[in-house]
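Okay, so subunit A shows up in both of these, paired with subunit B first and subunit C after.
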Partner chain A sequence: MIQVKDLTFSYTGKPFIQNMNFNVEKGEIFGFLGPSGAGKSTLQKILLGMLPGYEGSATVGGAECKKHNSDFYQSIGVDFEYSTMYEKLSARENLGFFSSLYKRKVRNIDDLLASVGLENDADKRVSDYSKGMKSRLNFIKALIHDPELLFLDEPTSGLDPTNSRLMKDMVLEEKKRGKTILLTTHNMQDATELCDRVAFIVGGQIYALDTPHNLIMSKGAAKITYSWIDGSEQTATCELDAVSGDEKLRQLIAENRLQSIHSSEPTLNDIFIEITGRTLV
Partner chain B sequence: MRAVKISFFHMLGFVREDMMLLAAGILPFLIGVVIRLGIPYIEKLLTNAIGTNAVLQPYYSLFDIFYAAITPVMFCFIAAMVMLEEHDDHIDRYLFVTELGRSGYFVSRIVIPAAASFVVTMAVLPIFCISKLSVFEMFSMALGGTLQAIIISMLVVTLSSNKLEGMALTKISSLLMLGAVVPYVMPKTYGYLLAFMPSFWTGAQVTEKQPFFLPVAAMVSGVWILVLKRKLEVKIR
Partner chain C sequence: MRFRNLLAWDMRFQARYGFYLLYGFLTIFYMAVLFALPSSVKSKVAAMLIFSDPAAMGLFFMGAIVLLEKSQRVTSFMAITPIKAFEYVSSKVLSLNAIALVVAAVLSIVSGTKSLGLALFGTFLAGSVFTLFGVIVATKTSSLNQFLLLTIPVEIFGFVPAILHLFGVSGVWGRIYPASACMEMVAGSGISVIGILLTLILIGFLAYAACRCVEKMWQEQGGVKI
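Right after this comes the complex of A and B.
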């Protein structure tokens, strides 16, 4: 669905995106992870045909992004991080207008509104919506023309846990319907939960690209942390695959003196820091 | 083209809901009535009071030049305000990634309003003009005014970040229309110092009855539009 080869882009003469290479397969959820200013939004703009001045190649659905025709956007849906709605119009009027711009058959507005719990607010002006409601409305706007490829920029940003869950379930539902999804986020939990593969982007370069599971497993083993009382509470840590060799732990088990014992795997965030030397926020 | 048409009509619907923009759309017709009836009446009062044959009458064509510019400036101001609101709400960027696209958006917000305002100006100028104008003079005034309106709307959209700033900038950039006064009041040699103002060439064309100044006005406007287009592209990328 997407092929990026030797992609380089610059705003000012100094390279901002440098020699990027990756493919996204049809039906895949692919995540761009990186801190602010890493180049995620620029990459998204290039793939959306908004920044034609790049070198190398970036094709979406077989079309070179800088040479696309007007049909290019028929199969692309975009959910920007910020609201892109007419504040003075109602949700229904907004969706009605945006759907009218497409030639292809559009999805039922009432069904979409109901899918994100906005059916009772459909005729309310968007300016009266909360941030969470706007996010949900923005999301269904990207689905209105039933595109094959979805660009989602921080889709759960600003949402409470319930609505965040709802949004993530909808993303997974779209995947089940065969959509290809490009997710831009710095929320590692979302990426771990949703993405088939992720790319770590820092300074306009891809530092790692793999499935979240492989990234976690390749870089760090699970660990065990245990504690006991020896005057005051003491703690120690050992690798999960070296438990039998930990004399202290064996002794504590034999003497029934363990106060607590936990196993923990590194998170995608830990791996990101380890690989890139940067934090995500 | 279908999406461009929808986008343009959507803008008209949007304007209908905004009293200020609606008033700006009606204003050219009111100004036309005021000029058509008011200026000759004031001229009558002045000539009677001063006892001369003409006070304002030598400048009637200048009033017509202004009127021919006010109509497209108002129409393009409306479109510029809609564009600023869409920029504030990030809607323009969303529209760029729909079938409308970036160029379709600018066609629906700048080119079509300007073309419509040219047609309206050609229709109302014969009704409200107070000097004797040939069809060519009306055409050149309407074209000059339309090009000027495009420049003003692009200046407003490029340099302002919200509607309030846009309104203030519209007032300032409307000073560009004053270039038309120069050929009426300044010696030719000094007048050319303001040759960078497209309206100067419209004024010069009427005062000197020189048709060649129309393409010059168009070329000067073209340079303005090209420079502003580049700046606008940087602003919205």
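Right after this comes the complex of A and C.
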């Protein structure tokens, strides 16, 4: 669905995106992870055909992004992080307007509104919506023309846990329907849960690209942390595959003095920091 | 089909934001003014009213419309729809001209014009020029105050020569100046073929510039304070 080869882009003469290479297969959820200013939005703009001044190649659905025609957008849906609605119109009117711009068969507006729990607020002005309601409306607006490729920018940002779960389930449902999804996020939990593969982007370069599971397993072994009382509470950590060699742990078990013991594996966030030396802020 | 939908929705937005209601009241007010005037000055006052308000409304309202769309980030979404910049600009020009033509028709009839078609053609050309200027300035500005400030030169070069021409205070070149040529048609006092040609060339140039400005605005995807 997407092929990026030797992609380089600059705003000012100094390369901002440097020699980037990756492919995204049809039906895949692919995540871009990186701190602010890493180049994620620029990469998204290039793939959306909005920054034609790049070198190398970036194709979406076989079309070179800088040479696209307006039909290019018939099969692309974008969920921006912020609301992109006419505030004085209702949700139903906004969806009606945006759906009228496509020649593809559009999805049923009432069904989409019901899918994100907005069926009872369909005729309310968007200006009266809460931030979470606007996020949900923005998301279904990206789906209105049933696009083959979806760009999602922080789709769970500002949502409560219930609606965040609802949104993630909808993203997975779109994947089941064969849609290709590009997810840009700071949220490592979402990325781990949703993405088939992720790319760590910092300073316009891809530092790592693999499945979340492989990244976690390749860079960090699982550990156990245990505690005991020795005057005050003490803690120690050892690698899971070296437990039998930990004399202190064996002694505490033998003396039944363990206060707590739990295993943990590194999160995608830990791996990101280890690989890139940066935090996701 | 897409363009027709865009045009229909633009007119719907304008109705929702009260443009039609506002021009309904203004038309009644202008009619009352014209009825109160002696017939000797009626046609000239009607021409001034038509030229300075319904014909020029695009200049002011484009600022409000485009800045509103920018502040609500709708322009960010427009950039990734199949809409072309030319369709976006044309829809704005035609939807605002529709209101201008209705108001101009009513005022022309009340003023007793004998050349309604000519008055409407002049209104359409002037309306297109002013609206296109409005699009260009609005895409380059980030607040309503900035927009109003930057439209002052357009108002000076658009209104002053045309009003002077209406009252016969213009040189031999006055008739070919686009604003004056439009004013002449609005007043039903004549047709300058060269003036119309120059106006059409100006519209072509402005339409091209407006499309480029819209494409750039879509690329930038910025929000603004209004």
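Worth pointing out:
By definition in this document, the second predicted complex is superposed on the first by the 281 of 281 C-alpha atoms of A that agree within 3 Å, B and C clash if a C-alpha of one lies under 4 Å from a C-alpha of the other, contacts with A are read in each partner's own complex, and residues count from 1 in each chain.
The rule is short, and it goes like this: a residue touches a chain if its C-beta (ideal position, glycine included) is under 8 Å from a C-beta of that chain, and two chains touch if they have at least 3 such contacts.
No experiment lies behind these values; they were computed from the predicted model shown.
On the shared subunit subunit A, the superposed partners subunit B and subunit C overlap sterically. In the superposition on chain A, A:275 contacts neither subunit B nor subunit C. In the superposition on chain A, A:86 contacts both subunit B and subunit C. Of the two partner chains, subunit B and subunit C are each touched by A:50. Once chain A of one complex is fitted onto chain A of the other, the partner contacts of A:71 extend to both subunit B and subunit C. Contacts of A:101 after superposition: both subunit B and subunit C are touched. Of the two partner chains placed by superposition, A:238 touches none, neither subunit B nor subunit C.
Under the contact criterion defined above, the residues of subunit A that touch both subunit B in one complex and subunit C in the other are 45, 48, 50-51, 70-71, 73-74, 76, 78, 80, 82-88, 97-98, 100-103, 141.
Residues 45, 48, 50-51, 70-74, 76, 78, 80, 82-89, 97-98, 100-103, 141 of subunit A are the ones touching subunit C in the complex. Considering their complex, residues 1-2, 5-6, 9, 13, 16-17, 72-74, 76-77, 79-84, 218-219, 221, 223 of subunit C touch subunit A.
Within the complex formed with subunit A, the subunit B residues making contact are 2-3, 6-7, 10, 14, 17, 86, 89-91, 93-102, 104, 237. Interface residues of subunit A, counted against subunit B in their complex, comprise 45, 48-51, 70-71, 73-74, 76, 78, 80, 82-88, 97-98, 100-103, 141.
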